[in-house]
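I have placed the structure first, in the form of structure tokens, so that the comments after it can refer back to it.
Order of writing sets the chain letters: A, B, C, D and E. Residues in each chain are counted from 1.
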């Protein structure tokens, strides 16, 4: 049974993390100067990163309990509380969020010239909402943050996006909203079934009826699958990625689409273990389809961003494959791969942003041979490409390898297909790199490209470091998450035992 | 001795004639008059019930219905005068600045 | 017997003039049929021992509301229908719908029951009825009475405000 | 009750209704015809003329000659007139005038000097809502005028009809308020009760009585479209007003209706303010000790009540004619202004004032 | 005599707020004669002061009556209870916002007349009486008082054919629905022998519910109130009337009367017709679905912002009807279902009137500013206005943490609690569809380039109204607790 361990730091760390950006945004509303707005936003985001240090330092990886917990009554008539806390599953995302937000603000420094203040306000609101999503331990609170995220993201895409931004923004908004509202109904049903509580920890312990689990799972799935996005709910993603500004793409790929998978881990699996097992085959199939389909589509793309977007579909297929393998390797692999993907895809979009700012084109045909002109950039891109492929020594390798291990234990065929996906991934990424960096300079505009400047390097550096850090010393990450994932497996097992047949299946899956 | 149901059925028929008038006619005056028919149907009902129940509430209600009908007619006709002054139409399907 | 015949006469004329009201091409004829209708409804009221309301029906409905209609119809000179069709094109369907609804209501009323149905037709209320009505109106239904006065004021304001021409217009 | 008995009962009730009704009709028709002669005579004498002199002694047969003429004259309906409405309009007026008369009591219940076994009321129908009924019919009377004006399809008639209708509606309101004030004083809607309530003192002599009387009389004159409010028939502007196009018997009906309405107004004034059939008494209390006065009062009281009422009626009829001979016509806007800006506020004030006075016991 | 007079005034006490509002309306009417042209907004401020005083009076009366759930006055024709207090406060709010929104706008439209404010106040007093009605007669008269005032207001632009059309259309359909309502009421009276709502409930509790006439009466009442709150299929009048009426009137009309309609719906169906609960609920649920569907789907294709908001208001009536269907589902749901409707109408009032406030800002001489396209690029040039509109639009969509979400959440929560999960699912799906047309406004404002110079209508009154609305939207969205508690406590008056 998980508990909410109260925060003992003496200051409400998580609340600060959540609300400092909002406070910053409100301050920004009063600022008229664009440069000042940039600096304020940057400072706020750096403060957030700073706050992550005590968070990680004081985190106790030995327990699966929720830490840094805060709880107070919010809407007492509905038994809604402001309950927040982090465990091994969510803490890494909180940290990643602060990091990627800072990077996004940095890459937007010159890319965004229009309505800077509003842009920064949106970024900061977004950061608050994202951290809130990961920290919320009350379903209602979670939903509030989950939905609130849509507003700034919609604006980021719609106002500062590319030429087709309106279509992409609306599509993004509607897809995710439809999924979310279905989840809302399920949340309400869960609330009433469990006797009137939104408390996530209490709900984890509540044993829902089998039929109820099935449809409630389906409703939650609607929200999370769209967000991940799983095939066939992914069609908003390429549009959104392509049209979003660089910062938007980084956040979108780095954090937002992780939330779907996070939702599976935090809610779907512990709440509805029976339904999870029931739906697992279907989800596994969808996952491998996504892996292959995403890779296949990536081959066909001529647009840099679109290619990365489809690669995301493929990579997120790995994540769901790992999670629904329902064993510790799969889970941990999936989790780690989420972080990895956040880092590497974030970096890839950063790379696109850097080059786009100079060439104002994203068509691969317009590049070619730029390695000679911009060596730093080419190196950076190379490292990220290799990480994305999963070259040993980089973070991608660890994640994908662990997932395939988990999938192998679940069912061999999935592991085989997933491996095929890795090979395809290597193919399109390398081909991409070749088209961009190698060969002769075909486009005369690229003759006078300038290399990455200091600001961009500073923005990219943390990501490069993370690529290697995780690749070389993955245990640091695994350690943080291990207790929580183990507990999750055991919890499911224990909870699903009410149904003997299912229990056996879980037993078989988890190797007990 | 007239059964109560006779009155109620009379009023039901009158009410329906009023409804049909509202729905089918295009002349705004006739629509207004059809609405008056509906009100009168309700009035017959009220008074019949009032008589059979031996309580005056129904009659009181009718007094107020008639009052309201008068006030409403005044405003309605003022609006129609305006409409004719500005647009020269009294047919509801010719009220076509608004899409309808 | 006599009462029933009288009722039958009233009912037939009421329904006839109602149908004529909604079917005439010339609104002035409609108004005149409406007048006929009001007289007979007043008659029905008298049958139901509601003489006061019969008078009010004539004074207010016939004497004020309907005459206002007549005034406006005549003043606006809209008595000549210019279009060939007087009803919208769905009128046969709507009329059929009306017939069905009327039948339905009638059947429901016949099948249903009203508590007062077995009441006697003799007046047991003391006095003339007008006095009692007045007392109820000024005591029990004082609030509605006051509202009605405000309502009439609003009607007055509205009519003056809307229909009056500005000096500059 | 057996079938035949029931039928007999019905027949008796019908008879009870028919006899007074026929009597009333006869009375009204005779009056309507001869009031016309009276008017011509009165006007003539006021203008130092003689008036009709040829048909019969001092023209007493003139009304009959006129009636014959009306009856045999061609009944012209204009080609573009709305025939139905055109034909009904005069009838409407006639019905309304008759209708109003139905509830007017011509005296207290009487047994006709012992001819009948029990007392019968001197009216056709004793409705408990009495005055309201009059108001109802008065308000509907407007229709006849406006229908006639419209149906003639003649702009003079139309204008005349309109003016007349607007005038009638305008003056109905102060009239109604005046009547309500009387009702307030009498505490009943029933005309017989109203007369009985004046047993000791006519309403004309109550503190507010003259004002109400004046209000009602003015409104009544306007309501009947008579001088000085005879705008609808302003020959110089509108030819003959709403009945310009009428001829023959229909014209005659309009003519009659006018006199009938005058009668209704005069009767109501008498009943509501001058004690109806109550005899004139000369200071019965103040001069109770003066013998000649007491005898006079006794003699006056001995005159049958109905005659008293008729006397008052003809006095007011004469008053009407007197006005016609004396006063010029108002302009239309003046006419409306009088009603809305003077009579209406005045009548409201009077009503409120008399309500207070009644509450304080001053009336 | 003095004794009875004293009693009389004692009894009059709970009606003082109504009297006050009417008195202020009358004062404004008379004062109009001396206030010069161009200074008519003074009458608006007078009205606001009156409303504030009425609000204070209502609250003090509520404090006096604290503890009593329902107190009947004048033989049950007038009720004073927390339920009516809640709605009266909403009416004060909507009328105040309406007046604030009107002041400048009326001058621009050149229809700044003193009667306008009087009519607003008369309409408000009508609504107040509707909320307090304990008798069908009071209810009917209150409703007509409100409706009549609004017919006039809708046709207030005398020289404009569109406004006239709006007025006459509103009147025709309003009178038509009143006719239906009256017929239903007459049947109800014939059945129960009383027009008192408590009496009707007492009658129904012991009545033979197989009597078809009861259902005839019920259906007629539902139909007529459906007209009043613009539920499908009785919504045809809404877009035309909203488009044609002066925008400030539209703003008022979209909130006040609709809220009053729901007050009556709650009073009649949750309280008086309580024994018919299940049947009412089934019909209301179907109407709610249709209303949400038509409102949301038709709104998508609108190009005129007033028409779009008209359809949106239809859709919002649909959501509130979901709550009503939940409230009438069974006895246990009465409190939560009714409270959800009450909370929703309050939230709807502020966000919708806020949205109209921004629409009004765009009205200036020479351009109506009513096309959605007219908003193009507003976010570039007038950030504050565009930002406000953004908040109102997202709130209308129901995106947290804005008030609109809390309202919808409570509605759907009630539906789920009442076991009508299907209704909740349809509701949330339609509300997702609604995002499309609300987003379009935001899109046009923020993502298009300006086509024209904006010279927005500005006035302190307008700013105040918008500030109130936006504060309410955000505060209720973030901390709904207190409002929620008040709504739940107020429902008790219904029982």
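Just so we're on the same page, a contact is a pair of C-beta atoms (placed from the backbone, for glycine too) under 8 Å apart; a residue touches a chain by one contact, two chains touch by 3 or more.
Being a predicted model, the structure only gives us computed values, none of them experimental.
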Between chain B and chain D, the fewest touch steps amount to 2
Shared chain contacts [chain A and chain E, defined touch]: none
Ranking chains by how close their C-alpha centroid sits to the total C-alpha centroid puts first chain E
Quick check: which two chains are joined by the most contacting C-beta pairs? B-C
Using C-alpha centres only, name the chain that sits farthest from chain C. A
At what distance in angstrom does the C-alpha mean of chain D lie from that of chain C? 29
So how far apart, in whole Å, are chain A and chain C when each is placed at the average of its C-alpha atoms? 70
Using CA atom averages as chain centres, what separation in Å is found between chain A and chain D? 95
Could you tell me the distance, in whole angstrom, between the mean C-alpha positions of chain D and chain E? 53
Residues of chain A that contact two or more other chains, please. none
Listing for chain E: what residues touch at least two other chains? 137, 141, 144, 148, 151-152, 155, 158-159, 167, 190, 193
The positions of chain C in contact with two or more other chains are 52, 56, 64, 75, 105, 109, 114-116, 129, 140-141, 144, 148, 151, 154-155, 158, 161-162
Going by the touch rule stated at the top, which chains touch which? A-E, B-C, B-E, C-D, C-E
Mind pulling up the chain A residues that touch chain E in the complex? 74-78, 115, 118, 140, 143-145, 147-148, 150-151, 154-155, 158-159, 165-166, 169-170, 173-174, 177-178, 181-182, 184-185, 188-189, 191-192
Which of the residues in chain B end up touching chain C in this complex? 1-10, 12-21, 23-27, 29-30, 32-34, 36-37, 40, 43-44, 47-54, 56-57, 59-60, 62-64, 66-75, 77-82, 84, 90-91, 93
In the complex with chain E, residue positions of chain B that touch it: 8, 11, 15, 18-19, 22, 28, 31-32, 35, 38-39, 41-43, 45-46, 48-49, 53, 55, 57-58, 60-61, 64-65, 68, 71-72, 75-76, 79-80, 82-83, 86-87, 92, 95, 97-100
Which part of chain E faces chain A closely enough to touch in the complex? 379-380, 383, 394, 399-401, 405, 409-410, 412-413, 416-417, 421, 424-425, 428-429, 431-432, 435-436, 439-440, 442-443, 446-447, 479-481, 484-485, 488
Interfacial residue positions of chain E with respect to chain B in the complex: 136-137, 140-141, 144, 148, 151-152, 155, 158-162, 164-169, 171-172, 175-176, 178-180, 182-183, 185-187, 189-190, 193-195, 239-240, 243-244, 307
